[in-house]
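This is the structure, below, for whatever I ask next.
Letters A, B, C and D name the chains as they come in the text, with residue numbers starting at 1 for each one.
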């Protein structure tokens, strides 16, 4: 049976599937939150959702509209202060997965959410800034990045490193003493990129159903390498789509 | 020892031109009415601190209250950019705006250091990012036991810290619950503090998860029902999501913004009680 | 992910000879039954950490479990000295005891640093006292922004952190209230952790002032009713003040102590369930 | 009217009277706690009692038996963690008065609760140690010391400085950057000692009713100086005694 679905739905389902049951997941708002809540309603009922507003183990019955939505506090195992969430929970490496997006990501998984173009004091576009991302990127055991691909957003080198991926390549994280592994997967509307084991350069490893290597290459601002054993994502199952759409309808 | 004042009196007394002022509230319990009162009283040259400057800071910046912003994430959550903030940075309108940019972890620790009477805090933060090159208040520090290199950030100690809470009693003890963010630290780090509250009650009934600030740790309390609108106050009202949406076109346009200021803030009397 | 075990199983699995072990509980909720189980299982060469070593540490030291004690105040509160502790320091009986001595503020910050994944903490502490000359884990540190001189202490990260709490649910989420001291930090700073609880319940009803440790932050939970006796568990039982009084003559005398150990701990089965 | 009272009762009443209404007082167990609770029931109903166990604004209806007595948590405005009480409340200098005792105090108000005689690693008497005292002595705006006088406890120089008073004399605290004033008063069974304004040496400024300068000098291990305008403490009032005895009866 073939179902109709959008590339955003595929991206969300792909992100949700990346979350193992029982994992402790530091969730940002938007697509990461949708994906985490989808995972909790499908294959990962014991996924632990942690939001930077201080809610540990939130179990929202609808999609939260912000990282500080009241439904998160109401359903959390514990609500703690913002200094505590960063110091006692994120910083020591207790969180398995950090979920990030951004305006730009580069071929080494560095993320920019600060400024685009010009220079820092006189940028072409002023973005919101860092938020929790630099320390999420540093301290979570693994990082997942979720972003739509385009040559403007998937760039050779980000204009500003707000959150470190692999820096200038393999070994940078270790040299800087970062404990987390860094971005293990970039989930896009066209497929999935993973760091090359030898170079840490993001490489296309899976295509989304219906996408092509050419589309992905065109949507990358660098000469995107393609894995020798390129796979294809399984399309969303009927259940995944149904749950996802029901979730979106709660907003 | 907290004095119960009207919002107007409290702002007039506590917030002066040129002060460093922090309005905190992490998505929840944002002291919006207090921000509007600061605009109404025409304060200027403020150094504004806030982890997540959103609509109320966009409004204060657009109204010309600020000369500097210290922050870690500035945006209209779920909607987009802060256009008054951008206009100030990029075009110095209505006045130039200097920025000092951190991460949430850094800002949270700066408040915690401020609350602790320490000149700085230590964290694992900013490593490998471009932030330290732009922000003078991020420096390396070495562990005297292991030699490991970490990051130091200086304490923030605002002249005035402003928060919104659910309740206070008549002695000025302040109680808040739900997501309480960095508000305790903000009050404790500040030389003077103001808590606006939904209501003043005879007795603070204990609530699970509540944070209580004793009256002797708060300078003034003002009763301001719906003082966190359009954000929310758990147990009182929900977030007004459409307000956030509607802010976008207003904030985009200087004229619409000026009109909004004139009718909704300067011409309004939200602080009457 | 916390496993529900019997106290015997939990101690057998989590506490090994030579480990660094912290049993915390500030007057309230002292994990006494867990300490007795450690004695019963004959653990030795432990580095014991506790801000306020009192009767249960006197017993563990007298039983020969410890080679080192890290602490900030050692006494029988309201009664007097810890005689087994003194006998160990002054006469190496039954085995020599090394000490590492801090202040409460220093120890609290060492736990907080341990919980935060930092190698050290900064405080205004120990200044002008004779403690830094005796304790290697107290060093000066300079603020990189102001040049001010402060004090650094290294994190503590025990192999095992043990606390007592009022309740846990069947998933292993742990809830405690009243005076909760440094217990959250102890669990978070430790590689492995054990919470003994008064009871395991189906659901943790929210309680004002309660601290909840999520099940994934705790290694094991053991149901041990009256596990904090002779200290108290708010909502369950009061402090047994006469026990503290009665301990004094027992602790003073090696023979009486040995007899007490034989009958009250080694011969007892408090951990049967 | 003359009432009968013990020297301990006078000492407790003298300590209680030193606590201004509305002051924030960091209270240790024993005599300081009795005095603070007496003050709250007599002239200082708004005295704020803070115990190092994390109870802010405790209003116990009986004398607490330890610094972590349940009655403190039950009646406090707020119960916080031990790291928080030291970091957020004591360290920044929010507390007006710290109340200390000890095994030894010297003529510059330094306190020893660590070891007596021999050396540190092989002392004649091993005392409990520091507890919260070093930072209470450093950070409270003012420190009150309450101790019975005897030549063994009031010494020229303490064997071990657990908590700093005035160090070796005037100027030491300022040089070390301590913010609190240090011990402004030592309340004893024989009278009250205060630091000399020029030297910071503890000087007899008041005698308790019925005590003599000779008794006080004999009970000090150094050549105790006597203030030019030596006063006498007012004896306990009927009300003070009644309340104090009722309080003690609650234990």
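Just so it is clear, contacts are C-beta pairs under 8 Å (C-beta built on N, C-alpha and C of every residue); 3 or more make two chains touch, one makes a residue touch a chain.
Molecules present, by chain and UniProt name: A, D = CoA-transferase subunit beta; B, C = CoA transferase subunit A.
These numbers were taken from a predicted model, which means no experiment stands behind them.
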Between subunit C and subunit B, distance of the C-alpha-averaged centres to the nearest whole Å: 39
Subunit C and subunit D, separation of their C-alpha mean positions in angstrom: 28
Interchain centroid distance [CA atoms averaged], subunit A/subunit D, Å: 57
In subunit A, residues with contacts to at least two other chains: 87, 91, 139
Overlap residues in subunit B, where contacts from two or more other chains coincide: 117-118, 123-124, 148, 184-185, 209, 211
Category of the chain touch graph - line, ring, star, complete, other: other
Each pair of chains that touches, named by its two labels: A-B, A-C, B-C, B-D, C-D
For the subunit A and subunit B complex, residues of the former touching the latter: 29-30, 52-55, 65-70, 72-74, 79, 81-83, 86-87, 90-91, 114, 120, 122-123, 126-135, 138-139, 160-164, 167, 172-173, 176-178
Footprint of subunit D on subunit C - complex, ascending: 26-28, 51-52, 71-75, 77-78, 81, 85-86, 89-90, 101-105, 108-109, 111-112, 123-131, 134, 148-149, 178-182, 184-185, 209, 211, 232, 234, 238-239, 241
In the complex, subunit C residues that touch subunit A: 1, 115-118, 173, 184-185, 188, 211-214, 216-217
Subunit B residues within the subunit C interface of the complex: 117-124, 137, 139-141, 143-146, 148, 150, 152, 154, 206-210
Contacting residues of subunit D [partner subunit B, same complex]: 22, 24, 48, 56-57, 77-78, 87-88, 91-94, 139
